[in-house]
Amino acid sequence: MKSYDIVIVGGGPAGLAAAASAKENGIDSILILERDRELGGILNQCIHNGFGLHTFKEELTGPEYAGRFIEKVEDLGIEYMLNTMVMDISTDKVVTAMNREEGLFEIQAKAIILAMGCRERPRGALNTPGYRPAGIFSAGTAQRLVNMEGYLPGREVVILGSGDIGLIMARRMTIEGAKVKLVAELMPYSGGLKRNIVQCLDDFNIPLKLSHTVVDIDGKDRVKGITLAQVDERNKPIPGTEEYIPCDTLLLSCGLIPENELSRGLGIDMEAVTNGPIVNESLETSAEGVFACGNVLHVHDLVDFVSEEAAMAGKNAVRYIKEARNEEVARIDMVPTDGVRYTVPKYIRLEKMEDTLTVRFRVGGVYKNCYISTYFDGERVMKRKRPVVAPGEMEEIKLSKAKLAEYPNLKTITVKIEEA
Amino acid sequence: MYDVIIIGGGVSGAASARELSRYKVNVCLLEKEHDVCCGTTKANSAIVHAGYDAANGSLMAKLNVRGNEMMEQLSKELDFPFKRNGSLVICRDEEDMPNLQALYERGVQNGVKDLRIISREELVEMEPNITDDAVAALYAPTGGIVCPFNLNIALAENANVNGVEFKFNTEVIDIKKVDDHFEIQTNNGVYEAKCIVNAAGVYADKLHNMVSENKIHITPRRGDYCLLDKTAGGHVSKTIFALPGKYGKGILVTPTVHGNLLIGPTAIDIEDKEGINTTAEGLQEVISKAGASVKNIPMRQVITSFAGLRAHEDGHEFIIGEVEDCEGFFDCAGIESPGLSSAPAIGEMVANILKEKMGLEEKEDFIATRKGVLDPEELSLEERKQLIKENPAYGNIICRCEMVTEGEIIDAIKRPLGATSLDGVKRRTRAGMGRCQSGFCAPRTMEILARELGVDMSEITKSGKGSEIIVGTNKDRL
Amino acid sequence: MEKRELICIGCPLGCMLTVELEGAEVVNVTGNTCPRGKTYAEKEVTNPTRIVTSSVKVSGGDRVSVACKTKNDIPKGKIFDVARALKDVVVEAPVCIGDVLLENVADTGVEIVATSTAKRK
């Protein structure tokens, strides 16, 4: 059986950054397993610009951003295998993988980094009634067809869901010659960036219908039209507001779900809100020596944060291999409440914590003029004023180890949104 | 001129074709869609009923029990997934116990084996997620679940291997009796046959009425379903029916033979014979009623919803046999539930009738078995390694959710009556049937289809002509 | 005096900006909560520009197309001219990120550069 110190499952932005960081932190024996035919993951099909402002201080397209990390991984001489599917991970860290050349094979790892990314929520999850003809695509599938293969999946398009992928595809389809009739969003606000609403919709006079959803899909062989309806505050369609929109294509951009089949197979404890593994301050899952980062852990808004988080996972995996394991250590639980939906990490072991720790989370609604407050047990120790926070954007707080050390019996750290 | 033309490539038509192919007879099957299994057979509960439901003495009862008995052996011969998981009819009210008892007695009369009424305690032991107000249940260990696609496809493939011709995209427009034979006018020319088997599902009344003065009427009865992810597949182990009673007719909750959880159907009579659209009300009914028999169904795990049509004949009975006023025209009509369960017996009955009528002789070289698409997951580790060495396509995963390899997809395309569309590949291999609902694999499956069929990507369809997936290339109209 | 309404793209707040113009000159911006709003509004009403991203066909490569972008901003009104100019472009593999695929696209003076790679088949 082959063996590596660190096996990284996934060669997208998370896997690449984790690999580079592990190497830079002193481990040479690293293998990246990538299921696609090239490194870079989903960034390869995200050919729009806007990536990397935090990391590189310039605006890159997806493949360019991936390219920089691929170059780094190549320069560092890190091994990777393409077209290789990980089939199973055992609790003693044996990774079973498969490809055309080597068939089914096993690799023993000392540490494993999960970086499988996420997938799109399918129509079924929305329970949209109607027919099931050709012409219904998830936005990501359409993105792959248009951006990587040069095929137009439709000429007259309705997009359901105003997350960034939906908005971006509205512009891409338009530039390639399709007519995007409208973008419908169930919620009263868009899940996408303002910048994308302006530059992907307004630039092309594409209407954004907030508090609207698709209530029927027409067409037996190919989509012929959809019925759009307004929804009430409980997101239920309001009778009488139905409008038939002729179109040949419906793109669905209704959220992303971390792809955790392997994690579940491994018996890792999962967080119900994120659909990702529960991790500690080292981004280590409930399976010792198995780390998670990127969209498999929680869906990110910006790839820059994926890279940053993955670098931490890589560094921590190295530390796990190099340092002696220690027994039970006291843990401080993170408690998200009052508008904060979850936190990553979910708990902190003070002994293992770096000098500062970034805690990332998302909020459950749009809050204007608010504080992001942090409580150590009952005491508010930090508050940061924010003109607005919204579910579409990831938020963070930074905890300092020195500060935590001042509270020797600290049990919980609560993060909440408060009125300013 | 064919001896027999079967109209309809659903499970009844395919079963009839397969059973007829045992004999020295020249058979052709006409199907209006691009593949078999495109009508009623593709969207139903995928249940092999035990047989306690149908009225005593009915053809439905007889063929259900017989079909159920045959299914296991057939699944081995033709290599399709079938599991005898048992079924339960849940009684939620002491007042309804006489109805449960009546159902039991009907089942015994119909010849259903091993039926018994079980207490709440035993029921909870069997199914911990059963509703808290269940008081007792009828337990039928012979109840089963089957893959309706592969049952239908297996029967058709085996018939084809044994000489039955299949004509797809061939829709019957009119039928005329000329002297001692029939002229069947289709969108693809005229076919001639001595005998016709009418297995046209929801259209069987239309065909019947072309040749007979004794009109029949079939109502498409729509059923909406929700399919849940495999992570929810273990929520129940048996097929759970609700006892019809003061809560009305219930919704079933069942594992599928592939490990998903299926809930449904509704029963809504419609006019449109192609009306397989789900409705908000229908889906809502499924979701709310499923909870009546089974608690805590994880509805967030729904991966798709769909609707199917039952071919409900006004008399609610299978109509199988020669039409009185049209010699040589054999109906196989009104095949609604338990039609899937009865399919092997229906095929047997149709073939027997034609054998008598035409004096058919058995072939010596009938091939009774068929191998399905090889599923590498059923192999041992060593066998699987060897397989990939011999054919590297089995080392290339295309559908991540269902772990379907390129090798399986190529097999599905290349075999007799092979897949020509995304749905065709899906029904034969499950590629695209998982939790991402083909989001990842559709473009890659399309590539493989285009390559193996030697056609352009633009010709690849979801389910036959008119359902092309892509409509052009970038900037082609700029 | 002309008034124009804009949504600021600086942050999720999405301030509704009102820009007052005297001819082509911005005289006042209101509705912004921070200085970035003013800068954005001034640029957006006087000279709105965009990066255009798309793809072009590749011949002889390990893939059928490569992604590309305008190397710099182009006037917003020329987005479709740029797209049309790319319609019949076919580039020969190999292509590397940063390769110039087309000069002076649609008379904007801006180059089209590759943003993904294609190796020779």
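To keep things simple, chains are lettered A, B and C as they appear, and every chain counts its residues starting from 1.
Basically, contacts are C-beta pairs under 8 Å (C-beta built on N, C-alpha and C of every residue); 3 or more make two chains touch, one makes a residue touch a chain.
Because the structure is predicted, anything quoted here is derived from the model rather than measured.
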item	value
Chain with minimal offset from the mean of all protein Cα atoms	A
Farthest chain relative to chain A (centres taken as mean CA coordinates)	B
Rounded Å distance, chain B centre to chain C centre (Cα mean)	53
Averaged-CA centre spacing for the pair chain B and chain A, given as whole angstrom	38
For chain A paired with chain C, centre-to-centre distance based on mean C-alpha positions, whole Å	26
Overlap residues in chain C, where contacts from two or more other chains coincide	54-55, 65, 80, 83
For chain B, residues that touch 2 or more chains besides their own	474-475, 478
Residues of chain A touching at least two other chains	146, 149-150, 176-177
Complex contact set, residues of chain A against chain C	44, 47-49, 59-61, 63-64, 67, 146-150, 172, 175-177, 193-195, 197-199, 202-203, 368, 387-390, 392-393
Residue numbers on chain C that touch chain A, as the complex places them	7-14, 33, 50-55, 57, 63-65, 67, 69, 76, 79-80, 83, 97, 115-117
Residue ranges of chain A in contact with chain B within the complex	35, 83, 85, 87, 98-104, 119-120, 122-125, 127, 129-134, 138, 140-141, 144-146, 149-155, 176-177, 215-218, 220-222, 237, 248-249, 261, 264
Sites on chain B touched by chain A in the complex	226-227, 231, 274, 276-280, 282-283, 287, 300, 302-306, 381, 384-385, 388-389, 392-393, 395-397, 400-401, 403, 435-440, 442-443, 457-458, 461-478
Interface residues, chain C side, partner chain B - complex	54-55, 65, 80, 83-84, 86-87
